[in-house]
Amino acid sequence: MTMEYDLVPAGLARAVEELPLVDHHVHGATAHDLSRTAFEELITESGRPVPGWMTQFDSQLGHAILRHCAPVLGLDPFCTPEEYLARRARLGAAEVNRLLLGSAGLAHLLVETGYRAEELLGPSGMAEAAGAPADEVVRLESVAEQVAAAGCAADAFAGRFADALEERTRTARGLKSVAAYRCGLDFDPAPPSPAEVADAAGRWFAAGGGRLSDPVLVRHLIWTGLERGLPLQLHIGYGDTDVDLRRADPLLLRGLIELAEPTGVPLMLLHCYPYQRHAGFLAQAYPNVFFDVGLGVNHTGARSVALVAESLEVAPFAKLLYSSDAFGPAELHHLGAVLWRRAMARVLGGFVADGEWSAGQAVRVATMVGAENARRVYGLG
Amino acid sequence: MTMEYDLVPAGLARAVEELPLVDHHVHGATAHDLSRTAFEELITESGRPVPGWMTQFDSQLGHAILRHCAPVLGLDPFCTPEEYLARRARLGAAEVNRLLLGSAGLAHLLVETGYRAEELLGPSGMAEAAGAPADEVVRLESVAEQVAAAGCAADAFAGRFADALEERTRTARGLKSVAAYRCGLDFDPAPPSPAEVADAAGRWFAAGGGRLSDPVLVRHLIWTGLERGLPLQLHIGYGDTDVDLRRADPLLLRGLIELAEPTGVPLMLLHCYPYQRHAGFLAQAYPNVFFDVGLGVNHTGARSVALVAESLEVAPFAKLLYSSDAFGPAELHHLGAVLWRRAMARVLGGFVADGEWSAGQAVRVATMVGAENARRVYGLG
Amino acid sequence: MTMEYDLVPAGLARAVEELPLVDHHVHGATAHDLSRTAFEELITESGRPVPGWMTQFDSQLGHAILRHCAPVLGLDPFCTPEEYLARRARLGAAEVNRLLLGSAGLAHLLVETGYRAEELLGPSGMAEAAGAPADEVVRLESVAEQVAAAGCAADAFAGRFADALEERTRTARGLKSVAAYRCGLDFDPAPPSPAEVADAAGRWFAAGGGRLSDPVLVRHLIWTGLERGLPLQLHIGYGDTDVDLRRADPLLLRGLIELAEPTGVPLMLLHCYPYQRHAGFLAQAYPNVFFDVGLGVNHTGARSVALVAESLEVAPFAKLLYSSDAFGPAELHHLGAVLWRRAMARVLGGFVADGEWSAGQAVRVATMVGAENARRVYGLG
């Protein structure tokens, strides 16, 4: 393994290695032990059972776990999946979480709590395991679904949702919309009228509530979120089987971005794979657009260097952030940081080795993307 | 040329070099000699005559022929096109085919026979030239067009087609749809009703039969193919001038993939350039989706390393296959294998040199992609 | 900086370095001095003011200016933005233009004069500063807007426009359409009827004229341009905030390309980022399609090597051209050439180092792309 950093100047490699990261979009780590089946289902975005003729360890993410997480659990890199899972089971979830999260080098976590939260550590549990402060990002659709579940007249929905959002976000640092999953990003970007909202809420309640997917309501949630004024995270691109990737292209958000521009609310485009160049264009064109390449970094493993490189093209460096989008196994929280550091060191180190950037510029940009931009946007001090 | 494999571990380079490949989608080699004009028209996907102010040898594929095929014909690499074509003519088509196919290192070929078959070697001729078994893949549209040409009442078409397909595929290993060429992939994915099929067949016959392009019939062929139960190959992305590349994005197949999932039939997305990342996402999300980057590997030549690298991102490694999609000059069959081996050795060797993968993992993945996945999906034993 | 060309054969590096370039699409350099604010607004495609919490120097283009232009102005590479702008101000616009343009190694410039021409050097000023001949490319929309501004009956518009275009292009080398900005590329590709044109002109004049954006008129201008017979440049992909990038995909032009094919007029797809692979496909499929990756090369800076590499995939090498698309600060004219040379040397040098191309093939392709293709298409002799 002596070749791996040959082209990266030592000072840059060390600076990126030691940089305390702000993970601006992450979910909780699983609080309980995981069977092999459960573990494999959590290291893929596929919502389907893993077919008997394959294993999810035969993937970039699987290889990255055996390479980078095995040593953290005291094993040799490139051990077998069986050895890895046996060690993981012997250590237990709490110790695994402490080992993997504790060594990720995190300075601050913004934890999105709106999806399967009952299985996961909440912000305080995450803070304890990571040894770093953790604040909350609130998912708009979850708040609305709770309002519906509590019972509400259709024409009272808008008011109740606004009140619930205010209450739920008193100490939150950001909001999140999963419009991409619920109706695709090709929705009418204008705020719906109160009558349209009441009508749509009526239809939703009449159908029994549950999963909110009516585009009118999805838009209403976004516009209520924009009024609330916290940075608004939007799921973009790659995700689980639920997403129609064609309708998750960030370029579809152009209308919303322009309408939202006067509010001054930062729009945080999450993940973006394979549309990272589209996101970079929007981040150059519009002052209110920011983005990251989380999730994709973990799932592309050894190829994450290409993804990170493509994120460093036309966007100003003040507009790009770090996230892991880890959900479930703490391996994902650990790898998000490890793979991002290695990819940034290689990409920026390559610019320096090519004579295109100075080492000082490289360290400065790594620090902006890894921490400073998030501190500024979310006011983390 | 001593630098070229500097970063690839020797054991991995040798393993990939010697791996017997299953080419799961290939056409026949041209059985007759070719003029320069005919040769140049077969090394581009353009359906137009080559303009007088250019030569197709000034392309990645042209350079790859002069680099890798010239030595097989006993010439120096990087000879001139004139020297190359003179030697090719002197040797004659049969010897050229034997030299180029015989040195491609193929273990099994699945030969698609539905396009201009009269100019090409069939499966048995291919088996003889390549020194490896060759089975057939049957093109749905060709079978349907033969049914129409034989004469058939509109309301008998569905039955006749099903019977003909059964008969035609007794020993076949797979089916192929060229929906992307005929109507684009943005068709209604649901199976059409018998009445719709009879109506569409009536319109087709009334117009004189010939090229089948009615979306109702294209869909009906696919659904009849799904009932037949053999792995179904679908042309995706890059192809000849006939294709509207916008309407050949694999993400357009999401509806069909989901409707076809209960049948258990493997959907084999072919070529996919430049949508290989889209195909990789579908292969991760859906158990019934597989893909390859054939055709594009040949036409991107020295850049095929980038294409192969992008195919190794989010798809599980059990979902990716090797194909050449060679058609016509045996140079294409030879280069498909040579360029894929070189690209895989470089990409996987890079992961190993970076310290991200073990050499054992690299050899295992090369073997899965180059042969084992195809053996499992097509039941090649 | 001794590492930067390690893998590029010395002869190839020198040949690319010394190649006299034809910049087939460029705008004028700013004739006057620029404040820091004005300068920063000209080194981004964003039409918005630069937010107070960032600087456009924190971008690939910003870094490239400090790396490559600072030494031309007598400063160390990687000086601070403040040092750079202070030196620039002291030298004055005329000297800065002379230094940066004069050292770009240009053999011929085709200057598009239809946008904010009053702020910029015209073709003769550019020729003087660059020490090379400069010809004009005429923007269709600007000529039409001048016809409208001069006053014209709706049913006389078509004739007046054709006459004005003939007059305006007596010595021009090409035409340019900004349909991508005005109505998106998803317009009906057929030529509109005279009645449709008169109707649309009537609506335009009734609304007060000004910015032409009616799709009927945009199409009419293109078809009048095709009749004029000069090579027709089309803005594609990346550009300022005005562009809806989704509607600037070159694949949307398939219908126009096929309808225009019988005219024999070369269609020059400009910029194309991030759709360079789409453009490459069209350039392979259709004899009348050519493309470049200008603009994106400057804005991706150290990453321009990736963009240039992707442009060298499926297109025949006779179909790719060099342009800077520089507009305003002469840094952009200089960097267009410097970054293209460095990217070509690295990409082609990589092919040679990998043993895939000969050094002679690499020099030949660099010469075709950098100069010969443009000379042939535009008849520059």
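Side notes on the structure shown:
By letter and in written order, the chains are A, B and C; residue numbering begins at 1 in each of them.
Here is the rule we go by: a contact is a pair of C-beta atoms (placed from the backbone, for glycine too) under 8 Å apart; a residue touches a chain by one contact, two chains touch by 3 or more.
Since the model is a prediction, treat every value here as computed from it, not as a measurement.
In terms of inter-chain touching, the protein chains here all touch one another pairwise.
Where the sister copies chain A and chain C meet, the same residue numbers recur on both sides for under half of the interface positions. Centres computed as Cα averages put chain A at a distance of 36 Å from chain C. Among all residues of chain A, none touch two or more other chains.
Touching chain C in their complex are the following residues of chain A: 7, 249, 251-252, 254, 277-278, 281, 284-287, 309-310, 312-319, 351, 353-358, 360-361, 365, 368, 376.
Those residues of chain A that touch chain B in the shared complex are 1, 3-4, 44-49, 51, 53-54, 56, 58-60, 63-64, 67, 77-78, 238, 240-241, 244-246, 273-274, 296, 299-303, 306-307, 346.
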